[in-house]
C-alpha cells in the first residue's frame, strides 16, 4: 500500500529548503581538511578466488586522513583506463566480501566500493573500517544520531568527507579514467552519492536509488521505520535538543546537496517505501540543479525499489553517458 | 536464539527414514519419462550488457518434455570446457535477470541457473517458466502443497525431474566438461540439489545450504514459519488427508535422496534458522551415504546461513575437488 | 479505526471505470462456451446426519464443462418449489461440510453452495473441486494472480463462469423455482455474486457483503492485507507486467459487472475493513445500475461486517422481494 | 508448530490434582442456593424468520435466582420429547442470535444455548445477560480474574451455577426428554461443560472441545495467549496474591470436576493450540472418572480444533449413545 | 511518526460538542448523592519505610458513600498547611505503593493519590479499591465499556464522583490548605482531572497530561490502540447500541467538562500519541473556558508525552500560581 | 509464560565459568589507571525545585579520568553522614532528571546516581555523559558490542571502571559514611552493580535486580530480545569473530564478578523475563561467593521483576544490614 502521498501530489511537491548560511564554508573546510591530510592510497591485490575479476583491497585516506577500506574490482581482461563507479553502501552494512559486488566490473566498469565507517556489524555485510574518535555523545541506536548535536562532530560529516575522498582516490587509480567517474548507491548509499555529487565537480554521473538522508523533518513525521526511526527515538528522548538537532541536519540534508549537483542524475523512488518515504525523495529530486536528470518511479515497490530492474535502467542510462567503450575490455 | 535443539543433540540426531517401497521405481519412471520426451536445448545469446560474461537464455526439455528456462553464464575469456555449477533457486523466486547470478562465472565456472516452474511472482526474482498442467487440486498458498495428495501429480515431482534434466542439459553444452558437474542451491535450491544428487550418478559435487524439503514431519512440528508453514496450514484444514499427504511426501523427502547420494557433499546449517530447522538438515546430513561429506555449522545465523562466508567455504571445498584448472580461463 | 476515507467522502466517491472494449464479447464467449459444454448436474443424496435438512452432493458442469462441486440443502418439510439462494464462498475456503451451511435452508430457502475451484486447503473450510488446466504461469500466493497476465487463462474467468453455471444449474433443479433465484456471498463470495449478477438476467436478488474483486487499482494502493496484498506482491516482483495485469483485471472488476446489474441489490460495507477497503465497495455500489439497490454501512466493523446482524437485514430485505411464501414449508 | 509437549508425552501426563478439602461442600452449597432461589423459566416464542426451527427466547433462574438468558431451538417438525444438547459458549461471546446456532436442531436435537453472564460485548456474538452484583474487586481484562481472590465471589462460581441450572431448566421443558440431556461446548464452553458434568448426575453425555479452565498453574506457565494470559497479567501485577488466587482456582479447576464425571465423555484436543495448551486438556481427560470416555486428537490444529470435522465425530458418537430416534422428527 | 493531523491543523481544530440537555442536572444529582452519603475520611499512618515522607493510608467516602482508598504523602518537615495536589491515575493501574508517588511531596506539596476503583490488577501498579455494585452488563475488556449503555450505571460516573469527593476530602485534611488544591493526572488521570475540574469550583489549578476520555467519536475513528480500542471492540460487537453508547458518553466527554472549567489549566499533548490522539486533546483544550490556560506540545513523543520534562514545566507553572511558599517546609 | 527452564531446574543450574587467566590483572590495571587519573569530584548544587531533597549535579573522574556525570540526592533534613546507595542505570537510559530518582533519599539514604556514558538518547531518561574515544570499530545497534573485539577498548571496561570510581567518589563525599556504601541497580544497572561489587572491597551491600551482562553464551542461545539480541546480531554478521568476542566477554561476565563478591548480596530474578533470562541470573547467583546472599524469585513477572514490591524487599533487607539509623534524619 502507499506509504506517502499519491504520485500526483508527489510530482508537485517542492518544499522549501532550510540551509545554514555557512553551508558551503563548512563543507569547504571539511573537504579541505581531508585533502590536506591525505596520503597515497594502498591497493593490495586480494585473492578472492575469482577468475574474471581482479580485486584489490583498498585503504585510502578518508576524513581527516583516517584510513578507510574499500574494494576495487576490475574486469581482468581490459584495455586502457576504465570508467569507474564509486559505490556507497546501504545502512548497517559494510563492504562485505568482494564477491558481494560483482555487477559493475562484470558490466565492464572499474568499481570502487567504499566501506562505511563503523558500520557492518549487524547488517548483511561486514565492514572493516572503524570510525575513530567520534564525540561519544549519547546517541540512539545506529549511526544517524552519532554526534548529531554538533555539525563538526556529526557522523555523516566524516562519512561524506570519506565519500569525496573515495572519488579523489579513484581518480588517481591508474586503471581508471579520471574523467569518467560515476557515484552510486542505494538508500544510505544513495544519500551519500547525492552528498558527494553536491560537493564534487566533474562527475560523469550520479545514480541514487531510494536515497536516504533527505528532508529529515518530513521523514520523521511520516515514518518510524528504519533509520529515520532512530532520529525519532532521539528526539523523543532528548526533547530539549530538537532545534539543535535539525540545525545540525541542515548541513547534511540531501536537498541542500541536490541543489548543488550539476552532473547528470538518475534517481529512483518507490511509492510503497516505508524506509525512505517517496516525498523525501521527490523533494530532493525536485531541488536537483542538474540539467540532465531523471527519476524512475516504482509504483508497487517498497524500499527494495527496482532492484535488478533498476540495474537495467542504469546500464542503459550510463550506456548513453558513460559507456564502457570499445576499448573498455578486450 | 536457538530455534531447535542445541548442537550436541543435533550432532546425535539420526531419525528413522520412512520410504515408500516403490521409491526407486517411481523415480526411475519419472526420469525415464522425462528423458524419453527430451528435445535438444535451445541456447540463445542474451544481451545482458555484461562485458565479462557470456550469457545464454536457455530453454531445455524438463519434466515430460515441458520447456524450462534458465540462464547459462560463461566467463567470456576461457579456454576449453569448464566445470559447471547447476544451481537451483530458493522458494518463491525465479531465475530473475542474468546479473542476479554473477558469482560462479566470475569464479571461472560455467553456471546454469534453472528457473523453478511456476515460481517467481512474489519473491525477489521473477520467473519465466510456467508449470503447465498441474492437477489444480485445492492447495494452500505457495507450491509445497500443489498436488500433494498424489505423488504422480505432486509439484516437486515435476521440479525434481526438471532438476535432473538440467544436469543432463548441462552435460551436453559444448563449453561444459560433462564429467565435472556440481549441483548447488540454498533453501529450496538445496533441497532440489539433494534430490538431483540422489537421482543422478557421476556428479562431481553437491552444495546444499540450509536445505528445505527434508524431514517434513518434524519440520511442521517445529516451525510454522516459511514454506513448511504452508504444509501446516494444509494439514490444519484438510484433517482427513494427513496420512495421504505424508505418504506422498515420502517420495520427496530429502532424507531418502540423501541416503542415495554418493558424490562429495558439502552441507551448511544454521542453528537459529526458523525456516529450515537445523534438526531437519542434520537428519538429511546424517543419512547421506557419501564417503566425502562435510557440514558447516553457522551457530548464530538464521536462514541466511553463512551467506558470503559460505561462498568462501564452497570455493575452497570445490577448489580441492572440482578446480577450474589452469586452462579454465585465459 | 477507519481504514479508508470517512463516510461522507465515501458517499460521494464515484471513480471512472476502466473497461476493455470487448468486455461483453469476452464474457459472452466465456459463458457460451460453458453452456455449450454443459451436461446434466448430478445430485446425490448425502447423509449429513441432519434431521431437518435434505442434503445433496451436487456436481455440475462448470466452466468449459469442468465438474464443480456444491451442496444443495433443502428444508426437509416443504411443499412446492422453493426460492433458491445460490451462495459463493469467501477466499481460501471451500464448500466444507453441509452443516457449515444451515442458515438459508432453515429460513425456508433452497440453498446451493458452490465450491470455489482450487480453494479449500488453507482456510476454515475444505474444498472438493480442482481447478484443472490452469496456465501454470508464475503466480503469487493464493488465487488472485493465477494466470493474471492473460484474460483467457485468468483464474476468475473460470470461477465467474462456474458461478453463472451454478445459477443455471439451480434453475433446473426440480425443487427450485427458477424465477426466484438469488445470488449471494461475502468477501470473495460477494465479488463473485456481483459478477454473476452482471452476467445473468432474471435474478430475483443479489446479496453482496463486503465484496472483494472491486476497483483493483485503488485496493492495492490502500491495503496490503488479505488477498489484495497478493496482487501487490505480484506487481512488486513483476514490475514489467503492471499494465498487462490491470488490463486483464479490467475484465474482472466488480465495477464493470455492477454497471450491468439490473436485479435488486443489497450490499454491505464496513468502514474499518482492511481486507476490502470501503472505497472499493462504495465504488462498485455507486456504479450499480439496479433501480432497487441499497447499502448497509457497518461503521465500527472490520471485514466481518454485519455478520449475524447482516443476516437479519437480508432476511427482511428478501422477505419483501423473494419471500419463501406460505407454501414454502409445511 | 507444536505449542506443548509431543503427543507421546501428553498421553502419559497425569499430574497430581490440588483440591480444597471442602470442594464438595462448596459446590453443594452453591447449587443448593441456586435451586432454592429458582423460579419457573420463561420461554417466549421468538420470530427469527426461520422456517424449520422453532425458537424460544429463554429466561431462567441461574445462580442465586438471577435471570440468565438463552435460546431454545427445536426442529419445527418433531414427534415426542427430544434429547437435548445444552451448550455453553466460548470466551467473550454471548448467545448472539438464534441463527448462529442451527446445528443441533438441524440434527434433530433440542438445543438450549446458555448465555454467559457479562460476556458478549467484544467477541463475535453479543450477549444479553448481566452479571449482577460481582465483588467489583480489581481485575485484569476479561472475566477470568473477576473476583478471583474469593471463591464465594469468583465469577465462575456464578457461571458454573448457571450451567447446572441450565440443565435443570432443560429437564423441565416439555419438548425435552429429561433423561437424555447432553452438555456441550468448546473452549470456555468445554470447561463449563466439564464443570456441569462434575456437578450433575444423570447426564447422557458430555462433549468438551479444547476445554478451557483446566490445570491453571501449568496453563500460565505454558502460554500467555488468550484468556489464560489474563491470569498471568493478574499474577504479574498482584504479586502478593499468588497463593490466594490458586487457592480460589482449586474450586474451579476442570481436573477436579473431571474426577467426578461419570457420564460418557468425548473430549477433543489440538496439539498446536496456544490458547488451551494440550497438556492442560490431557490432564483433565486423564483425571476423568467416566468409564466411557474418549479423546479425539487434532495433531495439526490450533484452538479451532476439529471444527466441522469434530461435529461429525460428535454426531457419530452421540448417535450411538443418545440417538434422536425414529420418533425424534416427523 | 505522526498519528493524527499535523500541528497546524490541530491548532485550528474546534469540533462541535454534543451534550445531553440534562448534563448539569445529571452531575448535580450525582455529586449531591455522594455528598449526602459521605462520612469522615480515615487517615491511618502507614509505615512505608520512608524517612522524609509522612504517609497515610486514606479511606474516604467516594461515590454513593462507597469507600475509596488513597495515599496521602506529606513532606515530614513542614510548617503550616500545604497546597495539595490531588492526583488521578492512568488506565489499568491502582494506587500501588507509597514510594511509587514521591514527586509532589518532595516538591513540598501535600499529595493525595486517589485509587481508581476496580483497577490495579493488570497494570504496573496494584489497586485496593473495589468497584462494588456495577451493573454487570456485558462489557468489553477493561473499564471503558463497563455499564456504558446507561449513564446512571456507567463506570466513570462512579469514578468522576469519587474524584470530586477526593478533592472534598483533601479540603478537610488539617495539613492541607483548602484554598490551594490542584487536580492532576496523565492519560486516564488527565481525563479524570478535567472532569473533576469541570464539576468543582475553587480549584487552584488543573494539570492534565495527554488526557484520555475526550471526544470519543473521533477517538475510535482514529485509533484502535489502548483503551479507546475497547470502545471500538464494543461497538464492533454490539452493533445495535451505537447511538445508546454515544448518548451515554455525552455525559462523560472531556469536551463537556472542559467547557465548564474556570480554574487555571495546563494541558500537554503529544503528536505521536496513538493512545490518546492529539486531535482529541486539542478539541478538549480548545473548548476549555479557563481564562488562564496553556498547552505544552511534545512533537516527537508518543503517549509518554513530556514525562519528566513535563514535570519541570508543571513545577514552573505551579510555582507562579500555587507556590509552596516560604512557610511550606522548614 | 516461562521464558526459560522451570524453577526446579534453575535452582540446580551451576554452569562452569570461563575466565581469562589474566582477569584480575586486567581489572587491576584498569582500576589502577582510573585511580591514577582521578581528580576531585565537582558537586554543584542543582535547583530541581524539590523541597525535601538536596540535589547536586555531580561530575567525577571516571575511567581514565574522563568526566562522568551523576546526581547526588540527599534528604534535606539529616544529621551526620548517611549510608549511601550508588545506583547504576538500565540499558539505554541516562541519569535523566533528579526527580526521576526520589526513592532512596526519601528512605533516608544518600543516593548517587551514575550516568551511563554514551547512553540516554533513546530510552526513557536522557543522559549527559559522552563516551569519548571509543575504538569506533563496527558495532551493532546499542552499546553491548561497542569495541567488543578488544577487551581493552570494550565499552563495558569503561563503564565498570566508572562504576568503581563512582563508589570511590561517594566515599569522599562529606555527607556520606564511607563504610556504608551499597551498590544497586536493575537490568544493566544490576550487571554493573555485580561488576563493581566484584572489583571493590568493603561494600556494605549489593542489590542486583534482574541483572544483565551475565552468562553471555547462554543468553544469546535463549533470547533474541533486548540488548542480548544485539550481541546475536553481531555474531550473525561477523561470523569469523565468534571466539574473539566471547574471549572479550570473559572479562565482563557477571559470573566472574560474582565469584569475587564477598559483600552481602540480594538478587532478584523473574521467571518470565525474556530480556535477562532467569538461567543467566541464577548462574550468576550460584557463583556468588558471598556468605550472606539471597535471591527473590518473581514467578509471574517479566523483566519488570518485582518493581515496587522488590523495593519493599530491599528496604527490609537493607534495614537489617545498612540501616539509616536513628541519626540518619532529624
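Just so it is clear, A, B, C, D, E and F label the chains in written order, and each chain counts residues from 1 on its own.
Here is the rule we go by: a residue touches a chain if its C-beta (ideal position, glycine included) is under 8 Å from a C-beta of that chain, and two chains touch if they have at least 3 such contacts.
Fair warning: this is a prediction, and the values are worked out from it, not measured in the lab.
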item	value
Where chain B and chain E overlap in contact partners, by chain label	A, C, D, F
Angular offset of chain A relative to chain E [C-alpha, multiple of 5 degrees]	120
Self-contact between copies chain C and chain E, residue sets same or different by half	different
Separation of mean Cα positions, chain B and chain A [Å, integer]	36
Cα-centroid distance, chain D relative to chain F, in whole angstrom	51
Junction residues of chain A - those touching two or more other chains	124-125, 236, 304, 309
Touching chain combinations (by label order)	A-B, A-C, A-E, A-F, B-C, B-D, B-F, C-D, C-E, D-E, D-F, E-F
Residue ranges of chain F touching chain B (in the complex, touch as defined)	220-224, 232, 235-236, 239-240, 242
Chain C partner contacts - residues on chain D that touch it in the complex	49-53, 75-77, 96-97, 99-100, 102-103, 105-108, 124-125, 304, 307-309, 311-312, 315-316, 319, 324, 328-329
Contact footprint of chain F on chain A as seen in their complex	94, 117-142, 145, 230, 233-234, 236-238
Residues of chain D touching chain B in the complex	1-2, 6, 272, 298-302, 304, 306, 309
